[in-house]
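You will see subunit A twice below: alongside subunit B first, and alongside subunit C after that.
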Partner chain A sequence: MMKTFKMYLEFTRKSFQRSAAYRVDSWSRIIGNIMSLGIWGCIWFALYHGHDSVENISFQSMLSYILISMALQGIHNAGTPLWEIQYRVRTGDIAFEMLRPYDYPLRMLFTDLGSISFHFVTAILPLYIVIFALFQPDIPLSASQWGLFILSAALGYLIRYSLELTFGLFTFWLIETGGVEDVFYFSISLFSGSVVPLWFFPDWLERLASLLPFQGIYFIPNAIFIGELSGQEIWPALLNQVIWLIICYGLLRFVWNKASMKIVVQGG
Partner chain B sequence: MLKSCLRGLKIYFYMVGVSIKTQLQYRYAFVMNILGWAMTYAGTAITMWVMLYSFGSIRGWTFWELLFLFALAVLSWSITMVLFFHFHNMDEYIVEGTFDRFLVRPIHPFLHVIALKFDVGAFGQLLFSIVAMIIAYVQLKLNWQFYQWLVFLGAIIGGTLIQGSMLVLISAAAFWTTRSERLFWALMWPARNLMNYPLTVFPRFIQLLVTFLLPFAFVNFLPALTLLDKTKESFDPFWGFFSLPVGIAFFAICFKIWNLGLDHYKSAGS
Partner chain C sequence: MSLIEVRHLCKEFKIAKRQEGLTGALRSLFHRQYTTKIAVNDISFSIGTGEMVGYIGPNGAGKSTTIKMLTGILVPSSGEIRVNGLIPYKERRRNARQIGVVFGQRTQLWWDLPTIESFELLKQIFQIPPDRYRQNMALFNEILDLDEFLQTPVRQLSLGQRMRADIAAALLHDPKILFLDEPTIGLDVVAKERMRSFIREINKNRGVTVILTTHDMSDIEKLCQRMILIDKGQVMYDGELTKIKETFGKTRILIVDFEENIDDFSLDGVEVIKQEGNRRWLKFNREVHTASQLISQISEKYEIKDISIQDPEIEVLIRNIYEHNYTLDQVFTDKTRI
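Then we have the complex of A and B:
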């Protein structure tokens, strides 16, 4: 058990070192992240122009929301992109992964952990400390709020990871995922509350969003971070994330098993 | 002069015809690609709608006006993509040495590069932008005068030229550095995101930058002021008339820079 864990950690270590070697990649990613933040910051500032608070959310809270949301998105984006998984399926490289004595979904998770921790320590963390110090938005005040936020953000990461990898594995059947992929990305970006929090949705859409797994990715951790979800309200939200994580992970396992049976190496 | 122009056009259409045929080879991928693009843009429009649901307007622009602004940018961008999009990875031709082959052929290398591809997948965006624009036109109860139709036409041609010139300019960087793809993502991606919203949302220096240096404001924001009769903005609506001349001038400058790069180019080596 301990030995297996050590083997997976080795992937994390290697990928951390690999990220350190590709500096330019890291830089362009962080510049992209800053520009997104700038654009969305301006848009929310303009939207709040002339309003003190909308749906009981003040501009101060919203600023904090968008900042933490962009920081989390920066972390999520440092993982292996979907197209790379699809590329491996299309080229047949995935077959080599299956021959090796490890579990592919777990190995990918640990590999991503390496590039993410590198990106987090060298770029996201210093950058956002400076930005938070400059704008001084609301931040969690107690250690327990910080702890719950980190727990919730980690659950959100795992939910997104399971969903995205599951989707990537659909390439085994679909080969070309064009249109479906765009709907998938759109659902993640809208229903996760990545740029527009669920509070501002029309009621019917908010109800729909609360029935989907995506809100656990950014919306719940963000809401805990800015203190909009607090006290007793946090527990059902975290429970929601845990339940969705179990479902999404189960789905990933199911699809992975089916895909392993169904492997078609093209052009072989 | 006229004869060589005609010969150029003939070659262009022939090469483009071949490119279209190759893309139509994979029917399923082709349809999925078009659908995918249309849905991506519809997704952005839905996000805008959700965002404005609680707020009503952004800097005085309602959802339908915003949709119009967005659709106008997508309209000219889709034509830009059809004609110019492959310029963004011209660096690949340079790195792989394929570009050197273009130099020994009896046509201008620029004509050769532009004729390499005719991206039919971008029709998905065209489809989206036309549908969105018609909906916005009806919802806003617009009734354009003749001069406004001219401004509209000028915005489409001018906008295509401006964005196409940007791609040409970015690709020219590859003559000096052999790399341009990253520059494309660093410049075009944020510029195109800025254009989805009224320029007055952004700080003054950005407004000046995209009006006078990289004239993206002439693609959709300034013509939209004229087309939507918006008179209470910090820009006068008469600015909208200049999309076409600005597009032509910007294209001439970028084409010149591309040629300068070509003169400077000394192959990728080895």
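Then we have the complex of A and C:
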């Protein structure tokens, strides 16, 4: 058990080292991240122009929301499960992953954690410390709020990871994923509340979003971070994340089993 | 029971038919038509511990398909496989621990890691004890000269280097069985020789059972006592290499360069099978005639510039089987065909 864990951790370590070798990639990601932060910052600034608060959310809170959301997105984007799996399927390398005595989805997760922690430590963390110091938005005040936020953000990460890998595995059945991929990414960016919090949605859209797994990715952790979700309200939100994580992970296992069956029957 | 048992193994692939035009494309969304391709058709063999077997056949014969089924990454359509008692596709991970695999056409190392780090990853993946890892690395280094490129990322290795790295990686966890699918493809003469001596060493001194596919018959001649020849998914011959040579050794070829062009060459017991300028290829049965006897007979009648004797090559035999679709028995009986 311990040994197995050590084996997966080795993938994390190696991928951390590998990220260090691809500095340019790291820089281009961070520039992209700063740019979308700038754009959305300006959009929200314009929307709030002349108002202290919209729908009971102060500009100060909204600023905090968009900053933490962009920080989380910066972290998420450092992992590339979708790209990797599509590449492996196209080249047929996926069959050879099955020659190894490990679980492929799990080893991908640990590999991703490596590049994410590299990116987090060397880019996201220093960048956002500076930005937060500069703008002084609301941040969690208590250790428990920090703890719950980090827990929620981790759950959100795992939900997105499961969804993205599941989607990537559909490559086995679809020859062209282009259009479907756009819909997938659009759904994530809209319904997860990545740039527009769910409480600004029209009622019908908000109701729809609340029925989908995506809100657990950014909206819930962001809302905890800015204190909009607090006290007793936090628990149902976390429970929602846990349930969706179980469902998404179950779906991932199901699709992976189907896909690996297809590989071993049809030869990749 | 033997180490590897294969019984009535079959594999067919279903290939989706492409349909013409837009309506065809739409129709295929709902209702696909398939053709089936039989890649392996009722193959049986068994291989004992410590054997080194050449698995050969022309392109598309079903070699790689068989190897993939033996490793567990492909499920047979029917038939049985046991590899050291395991059913490979059912117990894929356990099987992976007892076998080493090299597919010459593609690397299994991590593309953008320095070579040494791929080895270290494998050490963790297979939980190789540190001592054992060190011993193995030292030995592989000695024969394969890995040091030269250990710090280089795999994607920057030359083909020969990559192949050396791949075979070392396949053997790090001390597998009982080694599957090599075209391990010498694209290598130069020196690199081939090095690869062969490594394979021989592993087989002799570590008792690793080796199954290898190749298109280079000298790999087989230099490495394998036994060869399984397949074509169109079926076994054409399974047996000792020397037996083929003995049977075929009956015929020999005398290559004679005459001083001048001779139109009406003829000699009892000798058949001209080829001619080029003043050179003639003369086939004879060595159980009936000896070479020296023939040479003296020829030199009595004609002026000879140069002369050499050729044993029939295994290549020629194999080509016959491929091209004429002969079974080995047919080739043996119809000797005029060589």
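Annotations
Operating definition for what follows: the second predicted complex is superposed on the first by the 262 of 268 C-alpha atoms of A that agree within 3 Å, B and C clash if a C-alpha of one lies under 4 Å from a C-alpha of the other, contacts with A are read in each partner's own complex, and residues count from 1 in each chain.
Here, contacts are C-beta pairs under 8 Å (C-beta built on N, C-alpha and C of every residue); 3 or more make two chains touch, one makes a residue touch a chain.
Note that the structure is predicted; figures quoted are calculated from it, not measured.
Partners subunit B and subunit C, once the complexes are superposed on subunit A, both fit on it without clashing.
In the superposed pair of complexes, A:Ala95 makes contact with subunit C only, with no contact to subunit B. Touch criterion met: A:Val196 reaches subunit B, while subunit C stays clear of it.
In the superposition on chain A, A:Arg18 makes contact with subunit C only, while subunit B stays out of contact range. Here subunit B and subunit C are compared by how many residues of subunit A each touches, and B touches more.
Look at A:Met1: by the touch rule set out above, it reaches neither subunit B nor subunit C.
After overlaying the two complexes on the shared chain, residue contacts for A:His49 are found with subunit B alone; subunit C is out of touch. After overlaying the two complexes on the shared chain, residue contacts for A:Ser28 are found with subunit B alone; subunit C is out of touch.
Shortest separation of subunit B and subunit C in the overlay equals 7 Å (C-alpha atoms, whole Å).
Contacts of subunit A with subunit B, set against its contacts with subunit C after fitting on chain A, share not one residue.
By the touch criterion stated above, subunit A contacts subunit B in their complex at residues 24, 28, 31-32, 35-36, 39, 42-43, 45-49, 51, 54-55, 176-179, 181-183, 185-186, 189-190, 195-196, 199-202, 205. Taken together, the subunit C residues at the contact with subunit A in this complex read 13-14, 65, 68, 71-75, 89, 92-94, 96-97, 101, 103, 106, 108, 110, 112-113, 117, 120-121, 124-127.
Listing the residues of subunit B that touch subunit A in their complex gives 26, 28-29, 32-33, 35-37, 39-40, 43, 46-47, 50-51, 53-55, 58-59, 182, 185-186, 189-190, 193-194, 197, 200-203. On subunit A, the positions that touch subunit C within their shared complex are 3, 6-7, 10-11, 14, 17-18, 21, 92-93, 95-96, 98-102, 263-267.
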